[in-house]
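Below, chain A partners chain B and then partners chain C, in two separate complexes.
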Partner chain A sequence: MMGGLILSFFTAGPLGLFYGFIGILIAMVAFGWMWKIQILGAGDVKLLMALGALSGAATSTGKNGLTFTVDLALLSLIVGGALALILLIIKGRFLAFLKKFYRFLLTALDKNLETEFPKADSSLQMPFGISIAIASIWVWFDNPLIRWGIRPWN
Partner chain B sequence: MELKSTLVSESGQAVTEYVLILGIIVLFYGGLMTVIEKMNLAERLAAPIVGSYARTYKYGNPTAKGFDEGTPENHPRAVIGGKVRLFINPR
Partner chain C sequence: MNLNLKKGSGTRHRVFALSSFFNTRLGKTCREFISDESGQSVLEYVLLLSATVIGAGLLARGILNSLDSGILKLGGQLEKDLKTGRAPLTVYQN
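And then the complex of A and B:
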């Protein structure tokens, strides 16, 4: 994190340092709650915070320092979702997941039924850091969210 | 000297099914944003209000269709001390 802040300062000056701090804050808010309810590990949050510190350095390559971390978080979830899907198919648990998800949608849409939130099998875990790493390289060199239109500030 | 790993688990701590649900939510949101943008939904929803405001400002009446039915002079206003001018909604 310190390295990211120093790099942001040397590449973009005080404004870069400011963007670095904002990036850390955004990462903490975006992923912190997921750690709190035990969806992600603390290391995943810290990794995103460290990458968020590079927001200032990202401005030197023409990116928006304020939105860099949000883009990174969104793309991490998309990449993570794709990896999770592959993992569930490989482990033969995808159909069970689909059933749970279907029950959730059915109970959420029918007013007469009590909404049944999908209870995930917490024993099936994955390293989310890989998704963050892939997403960070992707966002740095070619932000696909711009092409896909998945940005609230377009 | 023997080195011991401090890692609790190398298989990760993210709950796979929840990660997939979050991915689905982000993609759904992205799809929704794309549809809204393609349909110009925001502009369509604002059109009646924008039109009424524009006519009120131009003709002094939100129902006027052109200058035959109103002029900017008709627009009710309050002038305070000759310096501040406030337009009032005629409705």
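And then the complex of A and C:
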């Protein structure tokens, strides 16, 4: 994180340092709550915070320093979702997942039924850092969210 | 103006403030966050979050697009009405 802030300062000056701090803050807000409710590990949040510190350096390459971390967080979730989908299919648990989710929707929409919250199988885990790493390289060199049109602030 | 602290008092105060912060609920959360180095996430939650992000992004984009086209349509209609005289030229006033 310190390295990212120093790099941001040397590449983009005080404004870069400011963007670096904003990036850290955005990363903490975007992923911090997921750590609190135990969806992600604190290591993932810290990795995203460290990459968020590079927001200032990102401005020196023509990117928007304010949206860099948000894009990174969104893309890492999308990449993570794709990896999770592949892993669930490989492990033969995708249909069970769909069934669980369908039961939740059905019970949530019908007032006469007691809502059945889907209980996640905690034995099925993956290292989320991989998706953050893939997303960071992708966002740095060619932001796909712009092409896909799912970025509301284009 | 030169102010001299009593011998050792400043350090003691700072140490006390720091240790009392780490005894609060927020402090405990911070300590837990700093010491936790794990990076494992539950597959099903990640998949749900991902689907939510894509859905929300597409929804936001759709809403913004329909707002854009609505404003353009309104502007075009107003321009047409001003040219044909259906709307008075003073329509912008008040």
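Everything that follows uses one rule, which is that the second predicted complex is superposed on the first by the 154 of 154 C-alpha atoms of A that agree within 3 Å, B and C clash if a C-alpha of one lies under 4 Å from a C-alpha of the other, contacts with A are read in each partner's own complex, and residues count from 1 in each chain.
Quick note on the criterion: a residue touches a chain if its C-beta (ideal position, glycine included) is under 8 Å from a C-beta of that chain, and two chains touch if they have at least 3 such contacts.
Treat the numbers as computed from the prediction; the structure is a model and nothing was measured.
Asker: A:47 in the overlay: touching chain B, chain C, both, or neither? Say first, second, both or neither.
Answerer: Second partner only.
Asker: What is the contact status of A:116 with respect to chain B (first) and chain C (second): first, second, both, or neither?
Answerer: neither
Asker: Looking at A:78, would you say it contacts chain B, chain C, both, or neither? Reply first, second, both or neither.
Answerer: A:78: touches chain B and chain C.
Asker: If you lay the two complexes on top of each other, which residues of chain A touch chain B in one and chain C in the other?
Answerer: Touching chain B in the first complex and chain C in the second, residues 34, 39-41, 43-44, 74, 77-78, 80-85, 87-88, 97, 100-101, 118, 120-122, 124-129, 149-152 of chain A appear in both lists.
Asker: Could you pull out which chain A residues touch chain C in their complex?
Answerer: Residues 34-36, 39-47, 74, 77-78, 80-85, 87-88, 97, 100-101, 118, 120-122, 124-129, 149-152 of chain A touch chain C in their complex.
Asker: Under the touch definition given earlier, write down the residues of chain A that touch chain B in their complex.
Answerer: Touching chain B from chain A are residues 34, 38-41, 43-44, 74, 77-78, 80-85, 87-88, 93, 97, 100-101, 118, 120-122, 124-129, 131, 145, 148-152, 154.
Asker: Give the list of chain C residues in touch with chain A in this complex.
Answerer: My answer: residues 29, 32-34, 36-51, 53-54, 57-58, 60-61, 64.
Asker: Spell out the part of chain B that touches chain A in their complex, as residue ranges.
Answerer: Residues 9-27, 29-30, 33-34, 37.
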